[in-house]
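Structures given as C-alpha cells follow.
Two complexes come next, and they have one chain in common, chain A, joined by chain B in the first and chain C in the second.
Let's look at the complex of A and B:
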C-alpha cells in the first residue's frame, strides 16, 4: 500500500491539490456568510469577536499548503508528470550547444573574440607601460617593444576578414548549415518517434536518488534527445575550428624564436637577484599573452555572423518544438527550470531547496519506519518507537556503586577449582550496576523522544526550582535582595554563550544539553513567578490578613492564584524558547535528536530531511502550545476578563 | 501620492540600472573561494595579484569556513572557482546533482588522524576493541571518510561503535576529558591538542600501506567552465607557477602565513606535510585513465551514500584545463 502510494505520489498530489482548492474556496464562502451574519452585532476590539472561526483556519492552512505545492513544483508534477523529463531533454540540448553559444553575442553579449581582443589589448598596454627600465639594456628594450608591436599585429591580422583563411571560412559556413539543419529537424516535429523500453522502465520523477529520469520518455523528449546527440558532434567540431592566418604563421615563428633568445639570455646572464626576477617576470608576461594568441582563437567578427544567426534560428526552432511545454514551464515551474549537469538533471529555483509536500511525507514515513534493518530510522536510531527498559537499569541509575564498596567484607575471589561463589557484597554491586533482572517496563525511544526528554526534563527542573524561588523573591526582602543580582546577571546571557563550557563540564552525555535548556527555562520561570507574586493587589492580601489568614494561607490562597496567569504564560514562553535552543544544544556532541538530524542533513544539503525536521519541530511545538492553552483555559478561566 | 510614485519609479530605475551594470561587469570579474588557515603557495600569487595580471580580469578572493558553504556559494553564482575545496563536500554536492566540476588538485595531504586516548591500551594491533566504545567524528567530512577507511582496513565494525558528531575542536576536548575513547580530527590546532592526549590509530607508513590519503580539489561551476575555459587555464597556470616557485624560503613563508592568518611556526609545520602536485603530475597521476581523482571520488561516494553510482562522479572530473 505504502509502496504503491510512494510510486504514484504524483497522482496522490493531484487529488490532494483538488481537495485543497475546494477547501480554500469553500472556507471563504462559509467565512463570508458567517461574517455577514454577525457583522452588525459586534463591537470592534471586543475579545469575544476572535472566538471561533474554524473556517478561516481551514482557509489559512489550505493557502499555505497550496503555496507550498506550487513553489515546490508539486502542482507541476501532479498534473504534468512528464514535463520535467521533457524539460531535461531540452536542457540537454542547451548544455550541448552552450560552448558555441558562449562564444557568441547570443550567449554572452559580446563575441568571445571581441572579449579576447579587448582583454589582450589592455594587458599589452599595461605591459608596455610597466616596463622595468633598469632591468633591460637599450637594445633589449627596443626588442621587447617591437615584440609587443608584433603581438598586436597578430590580433589585428586575426580580426581582419579579408585575411581569413578559406578553409576556416568553409568550416564556419558548413557548421552554420548543419546547425540550421538541426533547427529544421526540430521543426519537423516528433511524429513517429517512440521512447525506448529502457527509458520507460526508469523510476518516475522524484522517486529514486536520480531526481529526474534522464532518458526521454515521450516522443517530444526523444526528438530533443536525438537533436542534442547530433549537436554534440557539432560542438566538438566547433571547438577545433581555428583561425590560422597565413601572415600570422610567419610572425608567430619569428616571435617565438625571439622570446626564446630573451629567455636564454635570462638563464645564462649573471644578473643580480632583483634584476633577474624582474626580467624573468616581464618576459614571462610577454610570452603568456603571445601563447594565448598563437593558437588562432580570434576570428573576424563578420565571419561569425552566420553562426550567430544559425544558433538564433536553432533557439527559435527549439521554442517552436517545445510548444505547449513553454507555457506549462512558465506557469507551473517557477524558477530557472531544469538544468542538466554532467551526471543528471536537477530542478533549479525554489524547487531545489523546497521539496514537494508528498516527498516530505514519503521521507517522513521512511524515517518513522521502526525497522532499522530495512532503511528505517536515521543513523541507527528510530524516529519514535518503544522498547522494553529493564527496571534494574533505572534502579542501578539511582543506587550508587559506592554503597557496595563501603559494605563490610571483601569481594569474592576465584577459588582453587576455578569457580566463583558470589557473596552478598558482590550481589550488592551487581544490583547497583543494574545487572539483575527485576522485570521490564515499556519505554519510548528514538530521536523525537530524546529531544522531547531533554526539553521536558529541563522544563520540569526549571519549573520546580524557578517558581518557588520567583514567588519567594516576590514576597521576601531577603530572597529578593540576595538573588536579584545573581539572576539579573545571568538572565540576559544568551543560552548559546554557555555552549563552550558545557562540553568540558558535563562531557558528551545528555546532562549538558539538559543544563543548557534548563538555563533558559529557569530564568523565564523565576522572572514570571516573581512578577506574578509581586503584582498581587495589596487590598486582597490585607483583606485576607484581617480575616485571620496565616502566612501560609495567604501564600497558597491569595498570592499563588494571582501569580498563576504569569506562571503559565512563563511556561508557555519557556517551552517555545527551549524548543528554539534545542537545535543548537544538539550540535554539541550530537548522537540523537531532531536537531542532530538537521545538523547532519545540512552537511549533505539533504533538503527533504531538513524540511522534515523543521516540520516535526513545528508540529511538536504546536502540540505543546495547544496543551498549554488548554491548561490555561482550565486553571485560570478568569484571565483577561477582569 | 505623486511623490511616492516618483520615488518608487526612480528607485526601480536605479535598481535596474545597477542590476544591469553589475551583470555587464560580471564577465570581467572572477570570484574565487579559499580557506583561511590552510596555507598554499598560490597565496603569494594571490597577494601579488599575479592572477589578475595573467587572467586579465579582477579576481576577488573570499574566505570560507567549510567546503559545503563553497558549494552553496557556487550554486548561487557568487563564486566561480573554489580553490582547495575538500573532496568530501565536492562529492556530496555531485551526488545531490549540483552542476560542478573538478578541474585540478590543490593540495595532497596525509589523511586526517583518528586519535586513541593514551592509556586505553588500544592501537592498530587490537583495534577491534574499539567496538562498543564511543568515538567523536565530524560527520560527512574528510575526517569521517578517513575514519571509515581506517576501520575498514583494521576490520572494525563501525555499526557497533557509538559515534558522536563533534567538530574537531570539541572532539579534541572530549578526548582530553575522557568522554570519548577515540576522536577523529582535522585542522592544525585541534590535531595538536588531540596529539597531547592521544595517539593516531595508524601511523604515516600504515596509512600509505593501506592506501589512505586525502586531497583537496579545485572546483568550478559547469557554466563558468563552458563560458570561460581560457580563464580557468590561466588560473591553473598561475597556480602551477606558484607551486613550482615554492621553495619554502623565509620570505615566502612569511607572505603565506600572513595571508593564511596563522603564525609562522604553524604555517611552516602545516606546509611541510603538504604536497602541491604540478599540472604535469596531476595529468599523469590524477586525471589520466583510471586516475587517482576518479577512484578516490567514487570510493568516497560509496562510503557516504550506498545508493550512489561511483562511476557517474567520474564524469564531473575534467583535467583538460591543466594542459
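Let's look at the complex of A and C:
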C-alpha cells in the first residue's frame, strides 16, 4: 500500500491538490457568509471578534499548502508527470550546444573573437604606454615597438574577411548547414519516434536519488535526445575549427624568433637587479599576448554571422518543437527550469531547495518505519518507537557504584583453585552496575524520543530546583541577594555560547546536552518563580498570618499557588527555549536526535530530510505549546480575573 | 474577659533615606471591652490603618503596647481576625476551601471543619456556593466569604480595614446589616475602620474620630444607632434627626481637619 502510494505520489498529489483548491474556495465562501452574518453585531477592536473562525484557519492552511505545492513544482509534477523528463531532454540539447553559443552573441552578447580583439588591444596599448625606457637600449626600444606593431597586424589579418582561409570558410558554412539541418529535424516533429523499453523502465520522477529520469520517456523527448546526440558531434567539430591566415604564418615565425633573441639577451646580460626585473617582465608581457594570437582563435566577424543565424534558427526550432511544454514550463515550473549537467538533470529555482510535500511525507514515512533492516529509521535509530528496557539499567543509572565501594568488607578474590565466590559486596556492585536481571519495562526509543528525553529531564530538573529557589528568592533577603548575582551573571549569556564549553567538557553523551538545557530551564524557572512569589499581594500574606498559618504553610499554601501563573508561563517559555537550544546542541555534537539528523542532512544537501526535521520540530513544538496551554487553562483559570 | 487595651500606643516611621521621623500615631489609649463595636473615622493619613495593623500584629509599635485579654500583642494571631477592603481571598481555592483555610492550617478534623464551613456559609448567606471559584463571585459575595473565613476561626476580635469601601451603595447597606447581625449573634469585639461617616455612625457602638499629625484620638462618641440598627431599618435610622445632627458635627470636624492640613501644607 505504502509502496504503491510512494510510487504514484504524483497522482496522490493530484488528488490532494484538487481537495486543497476545493477547501480554499469552500472556506472563503463559508468565511464570507459567516462574516456577513455577524458583521452588524461587531465593533472593530473588540477582542471577542477574534474568537472562532475555523474556516479562515482552513483557508490559511490550504493556501500555505498550495503555495508549497506550486513552488516545489508539486503541482507541475502532479498534472504533467512527463514534463520534467521532456525538459531534461531539451536541457541536454542546451548543454550540448552551449560551447558554440558561448562563442556567439546569442550566448554571451559579443563574438568570442570580438572579446579577444578588444582585450588584446587594451593590453597592447597598456604595454606601449608603460614602456620602461631606462631598462632598454634605444635599439631594443625600437625593436619592442616594432614587435607590438607586428602583433597588432596579426589581429588585423585575422579579422580581415578577405584574408580568411578557404578551408575555414568551408568548415563554417558546412557547420551552419548541419545545424540548420538539426533545426529542420526538430521542426519535422516527433511522429513515429518511440521511447526505448529501458527508458520506460526508469524510476519515476522524484522516486529515486537521481531526481529526474535521464532517458527520454516520450516521443517529444526522444526527438530532443536524438538531436542533442547529433549536436554533440557538431560541437566537437566546432571546437577544432581554427582561422590560420597564411599571411600570419610568416609574421608569427618572425616575431617568435625576435622574442627569443630578446629573452636570450635578458638571460645573458648582467643588468642590475631592478633593470633585470623590469626587462624580463616587459618581454614576458609581450610574449603572453603573442602566444594568445598564434592559435587562430580570432575569426572575422562576418564569417561567423552564418553560424550565429543557424544557432538562432535552431533555438527557434527548439521552441517550436517544445510546443505546449513552453507554456506548461512557464506556468507550472517557476524558477529556471531543468538544467542538465554532466550526469544528471536537476530542478532549478525554488524546486531545488523546496521539496515537494509528497516527497517530504514519503521521506518522513521512511524515517518513521521502525523496521531498521528494511531501510527504516535513520543511521541505525528509529524515529520514535519502543523497546524493552531492562529495569537493571535504570537502577544502575540511579544507584551509584560507590555505594558498593564504601560497603564494609573487601571484594572477592579468586581462590587457589581458580574460582570466584561472590560475596554480598560483589553482588551489590553488580547490582549498581546494572548487571542483575530485574525484568524489563517498555520504553520509548528513537531520535525523537532522545531529543524529548533530553528536554524533559533538563526541564524537570530545572523546575524541581529552580522553582523552590525562585520562591525563596522572592521572599527572603538572603536568598535574593546571595543567588541574584550568580544567576544574573550566567543567565544573559546565550545558551549557545555555553554550548562549546559544556559539550567539550561532557563530550557527545546526553549529560552535556542535559546540563546545557538544565542551565537554560533553571534560570527561566528561578526568575519566573521569583517574580510570582514577590508579586504576592501583601493583604493575602497578612490574611493568612491572621488565619494562623505558619511561615512554611504560607509558603506552600499561599505564595506557591499565587506564583503558579508565572511558574507555568515560565515552563512554557523554558520548553520553547530548551527545544531551540537542544537542536543547536545536537547539531554541534551527538549521534542521535532531531538536530543530529538535520546536521547530517545538511552535510549531504538532502533538502527533503532537512525539511522533514524542520517539520518534526515544528509539530513537536506546537504539541508542547498546546499541552501547556491546556494545562494553564486547567490549573490557573483565575488568571486575569482577579 | 478578652478586652483589647491600648496603652500609650505610638508609632514613629523613619524615612530610611532622609532620617526624618514622622509620628504616625502618638499615645493612643483606649480599652475596648469584649463585645463592643468600635468604628474609627478620620481624614486620610491620620493613622487609622497603622493602628489596625499594630493591633493585628503586622507592625510593632515604637512605643507603648497593645494587649488582648492580658496578653501583649507581638505578632499576628488567630485570636485577631482580619477583613480587608478587597477580600484578599485565595483565588486558586473554591469558596469552601477559602473559608476553612484557617482550620486546615490547624489540621482540624475534616468532618468537623466541613460542618463549620457549612454553618458559616449559611450565616453569611452563601449556602450552596461552597464549590464556586472565588473569582466568579461579586464584590459583596467575596466580602461575605472573607467574613466567613475570619469567623470560622472563632477570633476574639475582628479587625476590619474598610471592609465595605469597594462595594456599591446597595450592597454596602446589605453588608452593613450583615455586620450588625454578626456582631449581635456572635458577640465578638469588632474594630472597624471606615471612610464613610454614615457607616461609622450606623455600625459604631463607640466611635473614635482621629486627627492627624500626630495621629491621635480627637473625639470619642457613644452612639445608640448600632443597637437600633438591629431592630430598625438602617434607612429609617439615617432619617433620624439625632443621626443627622451627629453626622453634620463629625463632617464639620473632619472638614476642618482637612482644611488645616491643606492650609499647613
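Definition applied: the second predicted complex is superposed on the first by the 566 of 642 C-alpha atoms of A that agree within 3 Å, B and C clash if a C-alpha of one lies under 4 Å from a C-alpha of the other, contacts with A are read in each partner's own complex, and residues count from 1 in each chain.
One rule holds for everything that comes next: a contact is a pair of C-beta atoms (placed from the backbone, for glycine too) under 8 Å apart; a residue touches a chain by one contact, two chains touch by 3 or more.
Keep in mind that what you see is a predicted model, and the values were worked out from it rather than measured.
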item: Chain B versus chain C as contact partner of A:636, first or second or both or neither; value: second
item: First, second, both or neither for A:539, with chain B first and chain C second; value: second
item: Partner chain in contact with A:161 - chain B first, chain C second, else both or neither; value: neither
item: Chain B versus chain C as contact partner of A:400, first or second or both or neither; value: neither
item: Which of chain B and chain C A:52 touches, first, second, both or neither; value: neither
item: First, second, both or neither for A:603, with chain B first and chain C second; value: first
item: Comparison of chain B and chain C by chain A residues contacted; value: B
item: First, second, both or neither for A:269, with chain B first and chain C second; value: neither
item: First, second, both or neither for A:553, with chain B first and chain C second; value: second
item: Contacting residues of chain A [partner chain C, same complex]; value: 537, 539-540, 542-550, 553, 557-558, 561-562, 564, 636-638, 641-642
item: Chain B - residues contacting chain A, complex; value: 24, 27, 53-54, 56-57, 68, 71-72, 75, 89, 92-101, 134, 136, 139-141, 159, 162-166, 170, 173-174, 177, 179-180, 222-223, 226-228, 230, 234, 237, 304-305, 307-308, 312-313, 315-316
item: Residue numbers on chain C that touch chain A, as the complex places them; value: 56-58, 75-78, 80-82, 84, 86, 88, 90-93, 101-102, 104-106, 133-136, 146, 149-150, 153, 159
item: Touching residues on chain A, where the partner in the complex is chain B; value: 95, 98-99, 102, 107-110, 115-116, 119-120, 122-123, 126, 208-211, 285, 288, 292, 297, 339-346, 352, 379-380, 503-504, 507-509, 588-591, 596, 599-600, 602-606
